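For clarity, chains are labelled A, B, C and D in written order, and residue numbers in each chain start from 1.
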Amino acid sequence: MASQTVTKHRQIGLTDEQVLEMYTIMLKARRYDERALLIQRSGKTAFHISGIGQETAQVAAAFALQKQHDYFCPYYRDYGVVLSAGMTLHELMLLSFVKAEDVNAGRQMPAHFSHRKHHIVTGSSPVSTQVLHAVGIALSAVMDQEDRVAFTSFGEGSSNQGDVHEAFNFAGVFKLPVIFMCENNQYAISIPAHRQVAGRVVDRAAGYGFPGVRVDGNDPLEVYQAVKEARERAVRGAGPTLIEAMLYRISPHSTADDDMIYRTKEEVEYHKEQDGIQKFRAYLLECGVLDEELDRSVNEEVMRELNEATKYADKAPYPSPEDALKHVYAEDGGGI
Amino acid sequence: MASQTVTKHRQIGLTDEQVLEMYTIMLKARRYDERALLIQRSGKTAFHISGIGQETAQVAAAFALQKQHDYFCPYYRDYGVVLSAGMTLHELMLLSFVKAEDVNAGRQMPAHFSHRKHHIVTGSSPVSTQVLHAVGIALSAVMDQEDRVAFTSFGEGSSNQGDVHEAFNFAGVFKLPVIFMCENNQYAISIPAHRQVAGRVVDRAAGYGFPGVRVDGNDPLEVYQAVKEARERAVRGAGPTLIEAMLYRISPHSTADDDMIYRTKEEVEYHKEQDGIQKFRAYLLECGVLDEELDRSVNEEVMRELNEATKYADKAPYPSPEDALKHVYAEDGGGI
Amino acid sequence: MSMLKTGVAYKMAIMTYLEAIRSAMSEEMERDENVFVLGEDVGKGGVMNATKGMRDRFGERRVLDTPLAESAIVGVAIGAAMVGKKPIAEIQFADFIFPAANQIISEAAKIRYRSNNDWQCPIVIRAPYGATGGGGLYHSQCPEAVFFGTPGLKIVAPSSAYDAKGLLKAALRDGDPVLFFEHKKCYLYVSDEVPDEDYTVPIGKAAVKREGDDITVISYGMTVHHVLKAAEEVQKEGISAHVLDLRTLQPLDVPAILEAAAKTGKVMIVHEDNKTGGVGAEVAAIISEHKLYELDVPIMRLCAPDVPAVGMAPTLEKFYLPNADKVRDAMRLLAEM
Amino acid sequence: MSMLKTGVAYKMAIMTYLEAIRSAMSEEMERDENVFVLGEDVGKGGVMNATKGMRDRFGERRVLDTPLAESAIVGVAIGAAMVGKKPIAEIQFADFIFPAANQIISEAAKIRYRSNNDWQCPIVIRAPYGATGGGGLYHSQCPEAVFFGTPGLKIVAPSSAYDAKGLLKAALRDGDPVLFFEHKKCYLYVSDEVPDEDYTVPIGKAAVKREGDDITVISYGMTVHHVLKAAEEVQKEGISAHVLDLRTLQPLDVPAILEAAAKTGKVMIVHEDNKTGGVGAEVAAIISEHKLYELDVPIMRLCAPDVPAVGMAPTLEKFYLPNADKVRDAMRLLAEM
């Protein structure tokens, strides 16, 4: 499948199978995203928040980590992260449709991920709280002398919350195995990054005595390599790393937002052309990991899975009303 | 009074009268501090928190600012700041004794400064909240196109609160006329700075796109110059500056603390020898601003003032009990 | 449209609760140049459209887009307020007010008291709260009880456009920090007559929304509308409900509460916030302290159940939220007791 | 010392409330290696000496000095708890808990519920609260009402050494977040018998501290001692007071409250927190909902006045705080009603 010369992905330790899987998951994330929007528009779901334009960085980061071993504290656009960590389109669709079988049993908005089996930590809406949770998870890894890391991501707007600073400092003082990834998609709702962030997010790491790395978020191999190195640093006790992935939020903030109030179509179109998935596809074609036929079948398989997931979730029942009363506290008091 | 050659303080724009006044206020702060400790030990007051070792930086910083024009958001050790800004020993003693005539009318602990006339903003115990207030005051100066700055100080431990980060970023985005001064006295209660602060406080400024300057806090001329430059930057619209003044907390954290649990007598003794006031005295003697006789009379005058203040505050009445009910809200609803 | 009030003809216009809020802000900004709004995305109009068009009118300094940091929004507002500004700090959703809890509780609420009146902190914090449908756990909360009982704060929660405008103006002329809770469901669902002329609604005064003799229902915010609707329904069955809208949660209008309770001796309190520790508890406690002998039956509370917040699925949402049907059933029960 | 209890002889020792807390932590750390303490200055023993000697015994990893940042202390504890640790997050003074409000209210309280039991958050947050004399506005607060009424949290506030130890152990074996309020005045002022053997006091159960027939007084924390002292005094005048210590504030022990209230029909609630919106409001509301017909007189509340917090000057402090004399006078009033 691969070309004769040593490809870039092999040089950084990724097999052909892995890059193909990465590509497949990027597609899943993209197709899921497009579908979720349609479903929302049709009135069947209440809300969608899109990750389009960020899938490459998300999938690449997650592939540099160890599934069901490392912990993931993603944020709400991280479809690429959670799909890489082990969630299925089936599960994402149940989450979108807020049905009883959803991990959250229909309690939370779409994009509020949780999956304990896959080490995906339950998320909330108030931004950046998860950044401290990741630090706590990293602390527990050190206490138990386990070689796991905690990965957390957040937007550049959210990087301004006090919790992020407190997390950086805490992790820096104890040299904890945590990877902070800022997905800098240029906007926090309507506010462009330069009106939101003084200086550069990546430069903040130095103030806490750990490295900050800025990467092209549309280049999955660059992201992968940065996260992989960060993971290596983390497990050898050298402490946290901050990665700032430069991206662009292609969609409006959410289905409740009209982005044409604060940016132009041209600007968005320009960035659409930089699409990381298309670039990655071209790369894979070029180095022979992918050909048109394989691409077609990969795409078909993704669509099949998506269609099934959609159909199932659409028909699945809502939670029963009284379920609202369940699980405020442990049923048996916890008893640990 | 001055020597023939151009002295260092004149070079940076301080007159002989000013440096003498600075020296006098440093002495006031020191003598107040020593007295307040004695009074607490005698059982007449409940609490004292000391600024010994930090007076030089405090007084120097305040002298680079404009009284009753710029705003001061000090922290609890800033006797040197508030005395320079216009508070008297009389007022500080009333605050120590929590008497009815105290600005806070005996409501707050000692060292919780407030003096609207002198633009000293009311402070509380939860650390670092004042850092955001300073940013808000700076914002109002910009809105009103007034050439005033807001000055705020905080300990290196307190620099880790989320509010400090949010303040840095907010001030950085809008290039606000605010001066952040971290009084790094090496300890936050029992925790040494290296266990408290990842990296260096001063390096954090770069992450917000504004300058950070580390100064020897025991050198008032160096501090003065840094704050003066920061003020100039601020009023010409170039934004905030972070100054980290390197100091040492000579006293235990407060009268409730036993520092010998976590540091040695030798360490403290070593730093006592670096005393900034003594160094400044030597400098003033050397350049002829001060001589032994003048020094004696300055000291006597400080003691006279202090004795009177102590006597007065000791005898002054406590607030009457029902005063506890006053000023929860504006009496007339505010009507602004 | 016009109506006669204390002998003067006022010109009135029907407007939404949301428009009322916007017009209160705009008029106060015209009136007092120290008034300004700051918050996330307020420049584009805010995610609720509360500040729509205001940046064009007042400029981006007075309709200030802030970084995404609630403690900063409130803390900066406090600083500005202390030196003479009159900031309106917008919290995008009330669910996101908690990062600012320290600035609100430790600072805003205590500045006047701790300095013995040397300083004051006249900020207004606007926080859209409550469920609109499809908001899930974190875009639907009613956090008023967290701040209720913090002396030094005033808390307002209007149910009508008239009150929203009048109370927001009063808040902006008040010398103390006011938490202004705007029910998101009211924004577009509620419209009523609002005078063209300048007016205020005093903070601390409840309003009788309906006179009645059989039962007394006390509420605030969106549930006032459920109560009024239910009152209409039970009226047909011969049950006459007296309805009091608290409007201000802190300070509570104790005389109005006691009067309303004593009027019928049968009291029900309705709010969307969960029951335990809600504002209704204090209302019940006040009544049982001062009007026990005038109570004919136990004080009832109809509130959301004691679970963290409303679920996203429609089934969960319906189960959780008070509505006119639930209120009506409870009214019948109360009347029959 | 030994005493007979359900037929078994327990060895008992007199210890202070503070020692009881320390021994509960130490024993649980021996018992379960996942238990650890984190907070500001806990290594040296904490500013209250609650963790004194524990770093020497358990090492600095399990008695972890953190940076000065409460949101981090709680947020990090939450993260660790979610993956199997059992953190005890110490807040140096309860007055400084507010920077962590978002992590407590938005996260800890909602983790189990929002994930439909997929995740849990078994942290214990210890917060020394209340006035000791000379603490002023910010070293004396009672912030329990801020968190009360947030479903998903449990809140404990013991008054005796026995309860402090037993409840802290129960909290450390609980599957949910527990806010553990330790009254600072109790630390050294209160000593009582504590078994040498392992025991727990169940969360959610109040305790009758004194049987009586004329009046019922419900309280928690330090004021329980004022109430008991006043009860002794009025006993001499022939007034027999029934005293209930809530011990757990959330969930409240509703059956115990109702039983105590019904026993005498004359109820007074006493707490150090200010009156409006305090826990006492909910207790009064519960009684007036379920036992109205058994009440002979209005429910009384004796609490601190509605001002931001206690003043530093001794005159202000004395005026503000409930004490045995004030309780005694109120008891007489209630008995005579």
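Here, a residue touches a chain if its C-beta (ideal position, glycine included) is under 8 Å from a C-beta of that chain, and two chains touch if they have at least 3 such contacts.
As the structure is a computational prediction, the values presented were derived from the model and not from experiment.
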(message) Show me the overlap between the contact partners of chain A and those of chain D.
(response) B, C
(request) Using mean Cα positions as chain centres, tell me which chain lies farthest from chain B. (result) A
(message) Roughly how far is chain C from chain D, centre to centre by C-alpha average, rounded to an integer in Å?
(response) 32
(message) Centroid of chain A to centroid of chain B, CA atoms only: how many Å?
(response) 46
(message) What's the distance between the Cα centroids of chain A and chain C, rounded to whole Å?
(response) 38
(request) Check each residue of chain C and list the ones that touch at least two other chains. (result) 67, 69, 71-72, 95, 98-99, 102, 106, 110, 113-114, 137-138, 151-152, 306-308
(request) Would you give the residues of chain A that are in contact with at least 2 other chains, written as numbers and ranges? (result) 105, 107-108, 112, 124, 126, 160-163, 166, 169-170, 173, 195-197, 328
(message) List the residues on chain C that touch chain D in their complex, please.
(response) 71, 95, 98-99, 101-102, 105-106, 109-110, 113-114, 137-138, 143, 145-152, 250, 252, 274, 276-282, 284-285, 287-293, 295, 297-301, 306-309
(message) Going by the contact rule set out above, which residues of chain C touch chain B in the complex?
(response) 32, 36, 61-62, 66-67, 69, 71-72, 74-87, 99, 102-103, 106-107, 110-120, 122, 151-152, 154, 173-176, 203
(request) Could you pull out which chain C residues touch chain A in their complex? (result) 40-41, 43-45, 47, 65, 67-69, 71-72, 93, 95-96, 98-99, 133-139, 305-308, 311-316, 318-320
(request) Would you mind writing out the residues of chain B in touch with chain C in their complex? (result) 71, 73, 102-105, 107-108, 112, 114-116, 121-122, 124, 126, 129, 131-140, 142-143, 150, 162-163, 166-167, 169-170, 173, 326-330, 332-336
(request) Note which residues of chain A are touching chain B in the complex, please. (result) 160-166, 168-173, 195-201, 203-210
